[in-house]
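One chain, chain A, links the two complexes that follow: it is found with chain B in the first and with chain C in the second.
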Partner chain A sequence: MGLLTELRDSISRVTDRLFSASEPKRIGIYGPPNAGKTTLANRIARDWTGDAVGPESHIPHETRRARRKENVTIERNGRTVTIDVVDTPGVTTKVDYNEFLEHDMEKDDAIRRSREATEGVAEAMHWLREDVDGVIYVLDSSTDPFTQVNTMLIGIIESQDLPVLILANKVDLEDSNIQRIANAFPQHETIPLSALEGDNMDEVYDKIAEYFG
Partner chain B sequence: MPHQCTNCGKTFDDGSKEMLSGCPDCGGNKFQFRPKRATQTERDSTESASTPRAVSPSQPSDDDQPTTERTEGTEQSDRSGVTGTAAKAGASVREWVGNRTSNPDETDEATDTPASDDVTIEPTDDPSDEPQSVSAADDASERPAEGESADLDSSDTPDSIDSVDSIENTEDRAQASARSDVVTPEELSAAEQRPTPEQPSDADGTVVEPKSDDRPDLSDLREELNDQFESIKILNPGQYELNLMELYDRDEYIISLREDGRYVIEVPDRWQNTGRDE
Partner chain C sequence: MPEATPNTDGVQIDLISGARMDGLRSMEKIRLILDTVRDGNIVILEEGLSPDEESKLIEVTMNEISPDEFNGIEIETYPRSQTGDKSFLGRLMGKEETKKLTVIGPANQIETLHKDENLISALVSRR
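Our next item is the complex of A and B:
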């Protein structure tokens, strides 16, 4: 009996290795707060696994802990790419609870959220250094991409030689300006999408397969 | 004109009060000290500029240091011009000092070093006796102050002892005036309203052009301060500033902040895995 399970285990290990050449790559979804990272992570996870990653919100810093969805297998042109999707807290240089008070939050809750958001940024930066094999960088295309955070993060990612896919999210918004993002990071390809509406997700999956496969 | 704004090149008399509020022209707050004699020697001693002696990190600087870019620029010219190993060593020391302290030794000014070394005032030269020839009545009243200035600023009055011309007089007046009081807002605004030529006027070293902008360096300064704090700065409960590079660079990572300013960190595996594999 024990021998049988051992045999089965070893067979499944061999088949695992046959079908996925290596460990799934861990792809971090990074970007400033409220860029739509969780919406994108949920869209990817739902499209390919049926589950969601975490709650989405229009209030910044909804995601205050990195959340991982493992073994997301994406099929493209007869090939499959398996990745672990890591949805990270929005990265920022300033967190102020007053920002949350505007969203009808009690002061104590706002302060706690602020503290957790700060911890979340620390965690996101830690993951970036230690634990990701590639980055999907999500930007809200209706806002100015020329920020200290974006410049610094893209710089770190480049210095790590990590493959990075820049997504200009929220193209469904009226103020969306894809060109502005392309101009900000001319050394990278910019893919427009609306994670909320599911616009242009096919191209996003093509690029994920191309960059991280 | 011993003081020169490193930003726009505007010159000031020694001790000029206007400098204390930043350069009236460009708002810059970095000035280099250029004693008259030193600027002369500078031209003579360009060949010896790359000798190790010129690297002397003990170069006293009365004013703010020059920018890093400038040091790098002069280093390049050093490297191209000189092949001696001593010069190379000098360049690398300079580089090291520059990187380390971020107020790099002023290579340009390094050529001034010999000059400033020579310029020590001998106490036997009694300045109050000697330059009687200058002897304008109002100058005489400032004599004691001038002697004092020689003690305070050993490198800035080499020429005033031997030959006193009108420029030095102006400078001494400005110095004495600067010692006695600081420039008042009224004086400054009055000076600002007065249109002045590019060259320093002799009057009181007041070379002020109309400029009402805020000082542009404040944001730089703020940025510099931000760079100095460690990864997370707690301004108030619920208000944080984060240093992303610091957070990214550190081995351990902060997993929980406490109300009292303490925090919990997770240490990297390699700090605690002694014996784990055995």
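Our next item is the complex of A and C:
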């Protein structure tokens, strides 16, 4: 056995021991398209690790593959929690490539984007059933939260007994209505924020530590 | 009843009883729904799906979407009743509260006009 292999073995044994005690919890960021999931994931990753997760865009289905940022350690009141942040594609029950054509996209690109989006949503649903330890559910507080996708997803999350934090994002917008979200999901705590402006992130981190620590 | 002949002038609506669905496995239910919807028909389920089945329905729907052929589904149920801790006992007994009327149709033919706790109003168009 070569020195390198031995070294690799002993390193992996050490890391095994380090992580087996408290494997980071895998926290999925879910929500409808365009809610600001990636903006939030990037902010969390930048605040605590220095780099970003993925591109943000006003065009729906910007995120078409779940992207993971591992070992994000958040320090809160002397306590630290380490989580893997998984940014997922916005969940929907339909994708029509023609909608992307309105965003000045060529047909080929639009079809590719829609195919990637459907694969990504399928994957995100699968993950939600199998591989997620907690959920951050992001909603755009300037839009109606009473949608079928929200109702179904919150139901799916509840049926799995996953801890879930509901974030009312985009409070910087004039049409933002936090109470409407609180009313839609009274069984959960709703935390207002602006992922874009960074408003109220302290409370968001407090709650992440409390719920997923 | 006569053999169902696809009628291009109208929209077929299938009301599926809870008893009929009870006899099926999850994937059989999803297959039945998607086959019906992909034929351009509307499905109304007397008792709806469990959260797990809804999750699989979304996943399978996504896998079947293809450009210019199938855009996915529109699905509507009444919002889950928001009364406190949603029957812990019921869940313990494996009885999820899923008995909610559910309407499912092809996304390009059905549009929800209004929805609240007590009423779902949808517009169905021909192919």
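By definition in this document, the second predicted complex is superposed on the first by the 192 of 213 C-alpha atoms of A that agree within 3 Å, B and C clash if a C-alpha of one lies under 4 Å from a C-alpha of the other, contacts with A are read in each partner's own complex, and residues count from 1 in each chain.
Methods note: a residue touches a chain if its C-beta (ideal position, glycine included) is under 8 Å from a C-beta of that chain, and two chains touch if they have at least 3 such contacts.
Keep in mind that this is a model prediction, so the values were computed, not measured.
Visitor: Could you tell me whether chain B and chain C fit or clash when both sit on chain A in the superposition?
Guide: Once chain A is superposed (C-alpha atoms), there is a clash between chain B and chain C.
Visitor: Given the touch rule stated above, what does A:Thr92 touch, chain B (first), chain C (second), both, or neither?
Guide: In the superposition, A:Thr92 contacts both chain B and chain C.
Visitor: Does chain B (first) or chain C (second) touch A:Pro186, or do both, or does neither?
Guide: After superposition on chain A, A:Pro186 lies in contact with chain C alone.
Visitor: By the touch definition at the top of the document, which applies to A:Asn77: first (chain B), second (chain C), both, or neither?
Guide: So A:Asn77 meets neither chain B nor chain C here.
Visitor: If you stack the two complexes on chain A, which partner ends up touching A:Ser114: first (chain B), second (chain C), both, or neither?
Guide: Both partners.
Visitor: Quick one: is A:His126 in contact with chain B, with chain C, with both, or with neither? Answer first, second, both or neither.
Guide: After superposing on A, A:His126 lies in contact with both chain B and chain C.
Visitor: In the superposed arrangement, what residues of chain A touch both chain B and chain C?
Guide: Residues 91-97, 111, 114-115, 118-119, 121-122, 125-126, 128-129, 152, 156 of chain A touch both chain B and chain C.
Visitor: Per the contact definition, I'd like the list of chain C residues that touch chain A in the complex.
Guide: Against chain A, chain C makes touches at 50-52, 54-56, 58-63, 65, 67, 71-77, 79-80, 82, 84-86, 91, 96, 107-108, 112, 115-116.
Visitor: Touching residues of chain B toward chain A in the complex: what are they?
Guide: Residue positions touching the partner: 231-232, 237-245, 247-249, 253-257.
Visitor: Given the complex with chain C, which residues does chain A contribute to the contact?
Guide: On the chain A side, the touching residues are 91-97, 111, 114-115, 118-119, 121-122, 125-126, 128-129, 146, 148, 151-152, 154-156, 158-160, 184-187.
Visitor: Mind pulling up the chain A residues that touch chain B in the complex?
Guide: Against chain B, the touching part of chain A is residues 91-98, 110-112, 114-115, 118-119, 121-123, 125-126, 128-129, 149, 152-153, 156.
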